[in-house]
Structures are given as C-alpha cells and as structure tokens.
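Quick heads-up: structures coming right below.
Look at the two complexes coming up: chain A is in both, with chain B in one and chain C in the other.
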Partner chain A sequence: MSKELTPDEALDKINFTPKSGNWMDTTPSVQIKPGMYCYAAKADSVKTLGLPNARPWNPLEEDWKLPENWQEILHQGIKERLEKFRTFKIFMDVCVRCGACADKCHFFLGTGDPKNMPVLRAELLRSVYRNDFTTAGKILSKIPGGSRLGGGRPLTMEVLKELWYYFFQCTECRRCSVFCPYGIDTAEITIMARELFNLVGLNIDWIATPVSNCFKTGNHLGIQPHAFKDMLDFFVEDIEEITGVDCTPEYQKKGADILFITPSGDVFADPGTYTCQGYLMLFKYLKDKYGLDVTWSTYASEGGNFGFFTSHETMKRLNAKMYAEAKRLGVKWILGGECGHMWRVIHQYMDTMNGPADFLEVPVNPITGTVFENARSTKMVHITEFTADLIKHNKLELDKSRNSNRVITYHDSCNTSRGMGLLDEPRYVINNVCDNFYEMPSNTIREQTFCCGSGSGLNAGENMELRMAGALPRANAVKYVHEKFGVNTLGTVCAIDRAALSTLCEYWVPEVEVYGIHELVGNALILPGEIKRTQDLRMEPLPGMEEE
Partner chain B sequence: MNQKYLIPLTTVFLLFLIAYTGVQGAGLQVFFGIVFPYLAVIAFLGGFVYKVFGWASSAVPFRIPTTCGQQKSLPWIKQNCIDNPDTPGKVFLRMLLEIFLFRSLFRNTKAAFNRNESNKLAYSWEIFLWLGALAFHYSLLVVILRHLRFFTAPVPACLTWLEYFDGIIQLGLPGIFISGIVLLAATLFLLARRIFDTKVSYISQAADYFPLFLIIAIATSGIFMRYFTKVDVIGIKTFTMGLVTFSPVIPQGVGGLFYAHIFMVSVLFIYFPLSKLMHMGGVMLSPTRNMANNTRAKRHVNPWNYDVKTHTYEEYEDHFRDKMIEAGLPVDKKE
Partner chain C sequence: MNIKQTLKENKSLFLKKWFQATIETYPKDSARILGKDANRFDNPVGAITRESLENILDLITDKYSEESLEKALDPIIRIRAVQAFNASEAVSFVFALKKIGQGILDDSHQRQFDPMVDQIALASFNKFMKCKEEIFLLKATESKRRVHRAFERAGLVAELKENDLLGSKKS
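After this line comes the complex of A and B, so read on.
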C-alpha cells in the first residue's frame, strides 16, 4: 500500500498543462501506480460467474497470465461489439479531437494526468481501432511510420496495460458526453473496454467479487437471508427506541402491493443505514394510514448492479432477479430505493433486457391516484418520485423543524442526472423536509454534476489516491457552499455516494456530513402514535433538545 | 519541430505543387481537371454512403440518451423538453439545435485551478470554440453554395441573393465576399487553437492538421484567383458545366492555380469519408443524442437480446432454506 497523500500534497500535483509531444510516445513509460489501481479479481469470483480465464494474477507483475491468443480474442471482441453497438462504432469514428470534453472529467481535474482527458482516454482504444479496423488505418499501416501518422497503433502488451490502467480510472459518469458536440460518451467506451477486459480475465476484485456475491446470495455484500433480516430487525429496534413505533417490515410477502428494492449498501453501511430506516418509517406510515402493503425480499435484496461494470450480459444476469421476484410474489409494481447506477440500469436497460414486465400493472400510487406515466412499461418507480407525489398531495405529515440543524446542499448523482434526468424530484422532497437548502455552483450540479470519484466499481480501499483526486471537483464545490452558507449536510440519492462522499468529506471538507434524502424524510415524518422525539435517526439530539 | 503538423503541412504543399507543375509543366489538364475530380466525387459519394450504412447496420441495443435536464415524470414537475426529450418531436428539436447551432458545444467551460489558500477550482464559460466552429461551418456552407453558380445554368435566384448578401460590403472590384474571409480566418483560428492550446495540441494528430491545412490552401487559392490573378470566369464556367453535363472540355487560358485548387478540393473529397470529417454524418446518428428518454415508458427492443444464465429463486431457496426457516422468513417449500 502506498503512503497516503495529504490533501495538500494532492493539490500540489495538479497541473492542467500537459507536456508537449505525442502522447503515443509515453505508452512505454506508463506505470501502474499503487493508490491508483484496484486489485485483480480473485479467481474464485470469476469462476462462480463462469467468466473466462479465472486465475490469480497481479497487475504490478510483468506477466498478466493471459491466454496465448489474447490479441485475437480482443480483436474479435472489438469486431463483435462494433456490430452490436452503434454507439461504439460511431464514437470510434467521429471524434474530431476538439477538446471540448478535455477538462470536464473529474479525474483530469483532480490528477492533471492528460490521459484522464475523456478524449484521450477514448483515443487509447480508438488508436487501436484505427489501426485494425479502418480503411485509412489499413492502408497507412503498409507504409513505414504510416500507422502513427494516422494516429493508429497495434495492440501490444504495453498498450493493453495502458488501456487497463486508464479505463479503470473512469467512473462512467457521462459528464464528458454532455459537452461533446456529437454526444460521444466516454462512459460507453469504458463499458466496451471493460467488457473486452473480461474476455481475457482482467477484471478488478472490487467489481468481480460483489458481482459473484450478488449472483449467488442476492446482494453485493453477500449478506445471507437471515443476516439481512437481522440487520433490518436491528434498525427496527433503533427506530422504536427513537419513536416508540414498531416498523417491522414484511419479507417475500406474496400478494403485497409493492416490492421494494434498494442497494444492499443501505442495509449494511453507514450512513446509508439511516436512509434505510427512513424507508422503513415511510412504509410503516403508509401501512397504518392508508393500508399500503410493501414487501422486501432477501432474494432480490440488491438494487445496485456491479454487473453493469462488468459486461452487458452480467448486468442482465443480476438484474433478472428484480422481475423474477416481482412475478413470483405477484406484486403490482416495483419501487426502487435511492441509488445511482441502479437507476441507470433500471431506467435505460432493465425493460429491454429482462422485460416485458407484462405480469405487473402500470404503476399507480393507490394513495394519491397518480399514474406514473413515465414508468408505464418498466413498472418501476423511483422512491423520490413516489415520495414527491405523496408530499404534493399532502399525504404525509412532516415536521421540518426536526431537520432545522441541517444546512443542506444536494449532490446529483451522475447516473440519475445524466442517464435519467431525476433532478427536481429529490429537490422537491428536500425542500419539504428541511428549511435550509443551498445549491452548489451551477457548473457542478444537475446535468453538470461532478462524480464522487468512486463510481462504477472504483470505490475500493487500495485506490484511495485516485478516488480522492477524482473527488476534488465535487469536494471543492461542497467546500464553497460550506464556507459561504455554512452548509453542514450533503444530501444524495445514491448508495455509493453515501459511502464515497463520506470519505470525500472526511478528506476534503471534514465539517460536512452525508445524508440520504429518506433519512431526512424519516426525521421529519410524524408517525402515527409516536412518542415525543428527542433524537434524530443518528441518535443525536434533535434541534432544541440538546440540553435535555 | 513537431512532425504532427509538419508532415501534413508538407503534404498539402506537395499536393499543390503536383497539380500546379503537372498542368503548367506537363500539360496534364485532363487528369487534374477531369479524371481526378470524377474519381474524387465517386470516392466521396461511395465512401460516405458506405460509412453511413456501416453505422446504420450496427444495432442499437439500448436506448441510452445522455439526459441534460429534468426528465418527464410527475405532471407538475417541469420537464426540460429540449435536453431531455421524451417524444420524437422533442428529439427532433434537440437534434436541430445540435446540428445547426452546436448546442452542446455552446455549454463549453474552461476549468482553472488556483493553488492558494482557497484552492478553488473555477469554471468559466468558454465561447470561442463554439464561435469559431460556427463561423467555420457556416462560412464553408456559404462558400460551397456560392460555388454552385458554376454548376448551374441558369443560376437559381436564391444563389444570386446569397451572393448579393455575401458581397454586401462593397469594397474594391471584384466585391469582397465575407464568407471567404471568415472561412480563412476561422480555419486559422482553429489551427492556432490546435497548436497553442496545450491540451488540444497534446491530443491532436496529423489527421487533425491535414484537413485544416488543406482547407486553408483551398481557401487561399480561391481568394487568390478571385482577387489577384483574376482568372477567366467564363472559361471556368464552361469547364465546370462540362463536368456536370458529362461532356467535359478543357478551357483555354486557365492556369495551374485553378487546377491546383480543383485538385486539392478533390483530395478533400476523397479524404472526407476516410476521416473524422465524417462527424457530419455521425452527429445525426449518435444514439446519445437522437433517442428519446422514455425507456421506462415505452419498451425498447434489443435485436440481439439473448437468454442468460441466472440464479433462480428456487436455487436460492434450496441453498438457504434452513437458515430462512430458522429466521422466520417465508419459504416456498418447507423441505
């Protein structure tokens, strides 16, 4: 493990002016640096999933133990994907290297490494494409020095290592795509690159092991059914202590109205656990007041989908559980918790991959009568869409003053903003449960939001230097509102954010704490029959109760 | 010196010389004026169609637009119809703005970092790339349209108007066309940006400089012919009309500069479909921009969707049955 950098040392390294010359000359000098890469996937996890080339290997070692014909496998893999994905083919062809995307990536802004400019990240692979797949490239490669002139290069071991290193320094956040005049989405190219890596067994463990857990046990953390229930029981006890109300949920209940699925991070990792308590309280409230029947499932106990960071096929394999479980239980529709990439998968992939969900009903909120037209086919609704609808129709009793010590700003997570457009729903909920809401600067929110730096399966421990560098642009904006408005709370609707932003804040802005939106809802929600509350869900005194 | 731009620069220079001396010295008018331009047009059309069909033949398995604004959700939440369209009509609008006004480029910002006690990352609006790109593309369009007068008889009225407006600043004789000047200036700006902006220069390839140099050479030779050497326009029109009516003739008294101009345009035509210049076609097909964000409302079908191995509930329950029963969780089979 590398010595960890202090924030000051990290800042000293930033320089947005690349050296002159040709980046292609720098490939031989690329070194995989501790702190900047994630450990190799364990052979066992790769085996469970039946993915190719399961073996122990180490990125720092010379020999990556690839299959003999790895070049051919990758060449074939690229060829196949060019036919299967128009995005990939067009994005390989049309970049004009205008540089509009160059300084839009949080990893470039945080590291100053020119290969973290989205355009250059894509060029790493595009150069191989030009050499092997384009007419111009094929003609040029016949003349000495010609390939290079055309910006092409053959796929050698050195090149593969460079690709691997830098495509695991992209969090698939799509910020670059917002600014590109052709919508070139480097995230999509990263997705392809990672699929290719998997063909020769070059995954990272922080992705492969959660995926294999999820496949077998139902969730990334490998929580077994009884342990999952134990965790929720534990939350129920805490809530009861705070509110006097028993919020015991239902599990695998056949014929319930709604199946609820959230990332397992909410069940196991602070501060997501408080958000999870918020969900439990909301469902209890709706059950008591309106008779709404929500069930959880230990089988479909993972909303997140690290398969998305592995390959389209793996994503589909993990995602299949949602519809399968909804069908088995005979619920009307599915409600999804707060998560980022989970929602990109549900919003843009699920119905296509595992639908049609004709065994479910068009989602209707039975309490307000609202038909969720935007989820008519997929039949899955985001919890902030659901809660916003309840609040709008005055169906929740809320006491905002219980959050009055929270001066809050809101972090849009990449996937829900740029892969969905969920922007105003969470803001509406926040404004109804808290009084002090301040936006970060406009270049850092909504569709221009900055990634937490740890998305797409890069939230491991061993690549902390990379994560904290990538976190800088987000942290910088948080720090700005912290200093200007006294913001002490960073709200988010993403489970990875809840963990990653907490680390980010600890490193860059230690005075700010991270909250899920439904934790704030849980604090404000007045449960039927509750006792006088003196504590919030974190068991800290509520505002005005400090001295009692 | 930097060979990334020296090689393309030299190449363009050589191209010019080949045609110029080929005509002046070797009398190869027929090759540079007739054979090569025909070949170039065929290569351009063939290459363009081939490329676009190549893209179109790739599947679009998922509907994955990049959303740049509020989605359509609850009726009382205001949707951003342009940046997050959910219907074909709204997508059309987004595409129009993208294609004709370079909307995404308009957003461009520039990041700066100041290492001082506040350590602030600041983003400022960066409009010059957008302006330069817009000036370049529109002046190029006008120049191309203006050239249609050489290929039409009688010249349609709209072209005459275009020329009238393009030449509205009446300066000297023949009158100045703004488009030509703007084209040259914008291309020089884009070139300067490529050389002097360190980030852009680092990502640039010879393939980025070549078309810039080529267009600069074409524009310069055109301007030269119009304002300085004053070529024989009647002779040229006879020649170009000959080309479009497929009865080519070589006019008298038209010199090497004109053939060099035609030759470089032909090279650009051939180069076009082989290169990044195909962004002209690509922008229209880009799935992150030309799809509606309504994937949850309307199912998108993946033409190559296939079944995968999943871990079923039955397998799961078989694996954990005892633990589930013990924890009081419902099970389908008691043993």
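After this line comes the complex of A and C, so read on.
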C-alpha cells in the first residue's frame, strides 16, 4: 500500500500561485473550424415548424443574420427558463468548479480542447448568467474589472458564437453528470442552450430538417407511408428467402395487442435494416406460437425524436403522435424498438409532457404474465426488456450456433444506460443468442459508457473530424477487446449507434462490424416451419455452411 | 558507440522529453490532463501518444523503412488528423525531436540523427494525408452507403448502383 502523505507533505504539493489571466481565455476567441461544426438549418425546415428567424445563414460568415434585438430575446429566454426549470437555475448556481467532470467528456478527451471540459463548456453560459442575473454579478459589473472578478461577461456576438460552437460539441450523453458530486446534469444545460439558440434561429440542419420531416410525414427521413411499407415488404421477401417463412406484418391494425414503434433508421439505413428483420421474425414467432397480435404504423413511423435536441415544445409535438396513434388503434400498450434518445424522452420527459397515458393498459407481457413496472405510467416497453423476459421464461427456441462466428462486445447507449438504467437486459439477450461475449473495460461500459460521439443530432457528415475525435474513447476500448479477445462484432441497442459506430469502426477499428441485438436474435430464432437455414440475415453463410 | 546504440541508451530520456513536447502542442489546460499517466481508457490521447512515440523510438534504434515508420506513426497521427490542428501543427511534434537531440547527443551523432528525424517527418506527412483522405471518403460516402444501399436492395432506386456512387474504392 502506498505511504500516506502527512499534512505538511500534502500542503507542499499544492500550488499556491494563482494562474495568471482568465480561465475563459484558455483558447483564443472562438474560431469556427471546418470539420468541427454542423451546417446551419435550412430556412424551409425552420419555417415548417413555425420556429423564429427562418433564413439562410452560414456559421462561417461574420453576419449570422440575427434579429436586431437578439440580446433582448436571449435575455428574456434565459429569464423564463430560470423561472420555469428549477434544474436550470440550480445548475447555474451550484457548480463549485471542482473539476471532477473535466476529463470525463469524450469530446474533451478526443479533441483536447479545454472548452470541451463539461465544467468549462457550462461556464460559457454560466458567465452570462452570472453577469446578467445574479446580484453579485450586477454589482460587480459596475466596477471596473468587476465582471472578470465575478466570472461574469456580457452576452456579446462573440460570446454567442462561442456558445453555439461548443454546445454543438456536446452529445448530451451525461457521462460527466455521473462524476459530478452535485449531480449537475450538463446535458440539461446543453438542452437549455439549444432551446435558446432556437429562439433566434440558430439550429443546425442535421436536427432541423429531420424534425421538419418528422412533423410532416411521421419520420426523420421524410419517407412516405407507401415507401415505408415497400421497405418492410422487401425485408419480408428477404426473410422468406432465408427461412422459408412469410413474416408479413400488420399495419394500423385496430384492436391489436401491441403497437410497435422503432426509429426509422431501422427501416431505412444499414445495418439497422437487419435489426428490423429480427423484429419481424420475432413478431411472427410470437404470433404463431402464442397468438400475440403486434401492429406497425406508417403514421407513427418514427421512434426517435430530434425535437428533443431543439426544444421541449418541439419534443412534445413529435412524441405526441406515438400516443395519438396508440389511442386511435386501441392497443393495450406500446413496444419500442432498439433506440437511444427515444428512451430518454419516454423515460424522463414523456410522462410530464404528454402523460400519463392512462388510456393504455399497464404493460403486461401476455405470454409470461410479467408486469413491466418501470413502464407503469409511460406504457412503453423497450424490446430488449420484452425479449429478455421471453427468454427468461423459456418462450423462445434459439440456436446459438448460428451466431458462433460473432465474437461480440456490447456498447451501452448513453441514453438507455444512463437515461433509463437498461444495463443487464441486452447482455442477457446477447448471452442467450451468442457464445462469445466479452466486456470492454469497466470504466467504459454501463453507467460509465463512452458516447459514440454522434448523438444528439451531431451525426452529420460535415463535422466528421469532430465525430471521430469524440468517438476515440469508445473506439479505444473496442480496439482493446478486438486485439485481446478477437472481438469482431460491436452490439448495440440504438439506431444512431448503429449508423455512427459503423463509421467509427471504419476509421478506428475496421475489423469490427456493428450489429443490433435483434439481428442476432433473428439469426438464432428457430421459426416454426422454417427451412434449413444456410444464411444469416446479411445473406452471408452461417457458420459451418460456407460450402452449401 | 554508434548512433543507434546511443539512442537506445537514452531512449527513456528521449521519450520523456518528446512526450512532454508533444503534449504541449495542446492548450495548456488540456495538456495538464492529457499529460497524466492515467489509465489508458480514461486518457486515450495521453496513452496512445506515449505508446506511439515509444514505438517510433524503438523502430529508429533498429531497422526501419518508410512503411514501418508509417505504421508506428498511425495511432498518433490518426488522432491528430481529427483534432482541430492544421496540417503543420498536426505533424509539428516530430520536429521537436531535433531540439531534444541537441540536448542529449554530441555533434556527430546529431548530424546523423537529423536525417532520421526528417524521415519520420516525411512518413508523418504521408500518414496525415492518408488519414485525411479516409475522413473525406467517410464524409462523401457515409450517408450514401447507409441509406442508398438499403433503398437499392429494396428496388426503390435503380439508376445507379452503390459502387457507381462510391467511386473507385472503399476506405
């Protein structure tokens, strides 16, 4: 055991020399760098949502085309939010700048930019709060040099640009909050900052256009109902070719037991499409074996909610359609697909936003009798909880050997792990459909999981350098298990992860492929009446079937 | 004693100074944290930088080629290529070796050492460009690869095949 320091020795280690200069000047005045920022929201998308100041603008240009009274709008916006949200007020006041969060952010660890330390990123906004809203700040601002002494600064255009740049370098993953002794949720500070940006028309396009699409057509990609159905029909054909079983789903079926909603990424983007096929196979199995009646909806065709990254009102608008559809169809409860932020919205905000959903029943798995107590009020259950429950009660026939070529590790999505405590169910499912499961190091998983670096609407193309830098801590752990255990598969339960981690792996660990958990379930599930399976859902030979 | 033996003997001193000089290319408040000898999963930039620099030092005390230098440089350059450095800042850490050498080596060894540093520098330019090209390719093809491929499989788009859109090669 190491020798404990005496008090005198400990004091000797403290550097009593105050640092010269202001901590806010750790980097030069903000320079918006290509590769690190996202393009501005298209005017049309902002207009569709009825949000203020729709116009073309470019973050690299000097003039951001703000309304003349932008300072007044933002001041009023901060004031309203301080009064309305106690968390915001507390988080503005309570930080003691202990620095426990400083080295916990994937963006700080990856970019090496000090203003990405959560404490400093939040301080960018706190300094404005302190200057304009605290008594000490107001008094100090009247004496020369007083503002700097109190850590305050007026909201100038340069400050606004800096806020914008750095609050779009936060994925709201909340890893920092795990380490904060006060429980400050930096994600909520980012959420507030982004709400404020929207008051003066400063959203990014990767958020605004999906939100606008979702508002108009029901999903982020703006795919219309017939195309949604075409895609699922196509999956049905593929599954039939692989298994010989027709898994055609129901759409908008009134009186079905369960409404199933998944992120549109599962329907339209690889490799989520294979996860989607896994869902279709599971529902077919449950229908044939137990008569469970699951319906899809082309109206509620999006589980994700980019409104969450815009403002609470916008989040509420998008969330409402899922419940409206459940009500219209008269289902008992809602089953949700593998998604991340969708679950944060459901678990943390839905109930006070659009809930309680008392027109639905408390979710009970009709096959096992399990009551999903955690969803008693929201009436919405995550599919890995549902599948884990089925497996636990021996309700699924599974052939693990079909996944024996997958050496897998599991990435906890920030939102499902820290946002709702879904930690063991996905692992339980994986261990029942695969034999070769290896955990990444303990300081990179479960509650301490590292973000994919592309969450909260930052999964754009133009900020690829930022995304890859933010992905480094996650990739570093994936690479470790790849080298140590031969891991070739990164499992995840989040649609953004499936897209983002695929790109992360291409850059950092190209030998590893990304899989959704229900893709692995689909491979292992023995469907009633299936033909001899020789291919997995990617139409590659199953282990041992390479010659056939 | 030849230059390689001298480098081998002074490796830990070279590594210590080179690591410090490399970490100091980050802003001061970041360097304080990234320079810590922490768990490699808590501080990936620090750990990978240290390993990479050590591998390069090991390599130049032995036989090496442009290819093996690029391989050893890959982890550190791969990181610096996605940080907010411009090209010269990203590879500047290599040139710090010359100055470090001046404090450790005698003149004749230094004259032999400088061309070795030049070779590392040239390899680092190559690696930096390759990483940037990978990034540009990811930027150009990511959404097409994800969404277009699914649409193509479903027969919803037919005019162009995925390969036509992706260009000559996969990253």
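For the reader, a short list of remarks on this structure follows.
Simple rule for what comes next: the second predicted complex is superposed on the first by the 522 of 548 C-alpha atoms of A that agree within 3 Å, B and C clash if a C-alpha of one lies under 4 Å from a C-alpha of the other, contacts with A are read in each partner's own complex, and residues count from 1 in each chain.
The definition used in the following text is that contacts are C-beta pairs under 8 Å (C-beta built on N, C-alpha and C of every residue); 3 or more make two chains touch, one makes a residue touch a chain.
The structure presented is a predicted model; accordingly, all values stated were derived computationally and were not measured.
Annotation: superposed three-chain arrangement on chain A; chain B versus chain C shows a clash. Within the superposed three-chain model, A:Glu68 lies out of touch with both chain B and chain C [touch as defined at top]. Of the two partner chains, chain C is the only one that A:Ala499 touches; chain B does not reach it. Taking chain B and chain C in turn and counting the residues of chain A each one touches, the greater count comes from B. Of the two partner chains placed around the shared chain by superposition, chain C is the only one that A:Phe268 touches, whereas chain B remains out of contact. In the superposition on chain A, A:Lys321 contacts chain B only, with no contact to chain C.
Residue contacts after overlaying the shared chain place A:Met36 against chain C, while chain B stays out of touching range. Using the contact criterion defined above for the overlaid structures, shared-chain residue A:Asp25 touches neither chain B nor chain C, since it reaches no partner.
Look at A:Pro114: by the touch rule set out above, it reaches both chain B and chain C. Legend: residue contacts after superposition of the two complexes on their common chain; A:Glu465 is shown touching chain C, with no touch to chain B.
Looking at the shared chain after the overlay, A:Thr352 reaches chain B, while chain C stays out of its contact range.
After the shared chain A is superposed, the part of chain B among 112-120, 148-156 or 274-282 that runs into chain C is 112-120, by C-alpha clashes. In the superposition on the C-alpha atoms of chain A, the part of chain A touched by chain B in one complex and by chain C in the other spans residues 23, 102-103, 109, 114, 117, 230, 441, 443-444, 472-473, 476-477, 480.
The residues of chain A lying in touch with chain B in their complex are 11-12, 14, 16-23, 50, 82-90, 93-100, 102-104, 109, 114, 117, 119-120, 123, 134-136, 149-151, 174, 177-185, 188, 215-216, 218, 224-226, 229-230, 251-254, 298-299, 312-313, 316-317, 320-321, 324-325, 328, 346-349, 351-353, 355-356, 370, 372-378, 380, 385, 388-389, 392, 417-425, 428, 441, 443-444, 446-448, 472-473, 476-477, 480.
Within the complex, the chain A residues that touch chain C are 23, 26-27, 33, 35-36, 102-103, 108-114, 117, 221, 227, 230-231, 234, 238, 268-270, 273, 441, 443-444, 461-462, 464-466, 468-469, 472-473, 476-477, 480, 499, 502-503, 506-508.
Across the complex, chain A is touched by residues 2, 4, 7, 51, 54-64, 66-74, 76-78, 80, 83-84, 86, 98, 102, 104-105, 107-113, 115, 119-121, 123, 129, 133, 197-208, 274-276, 278-279, 282-283, 285-289, 293-302, 304-305, 308-313, 316-317, 319-320, 323-324, 326-330 of chain B.
Chain C meets chain A in the complex at residues 26-30, 33-34, 38-45, 48, 78-79, 81-84, 134-135, 138-140, 142-143, 145-147, 149-151, 153-156, 171.
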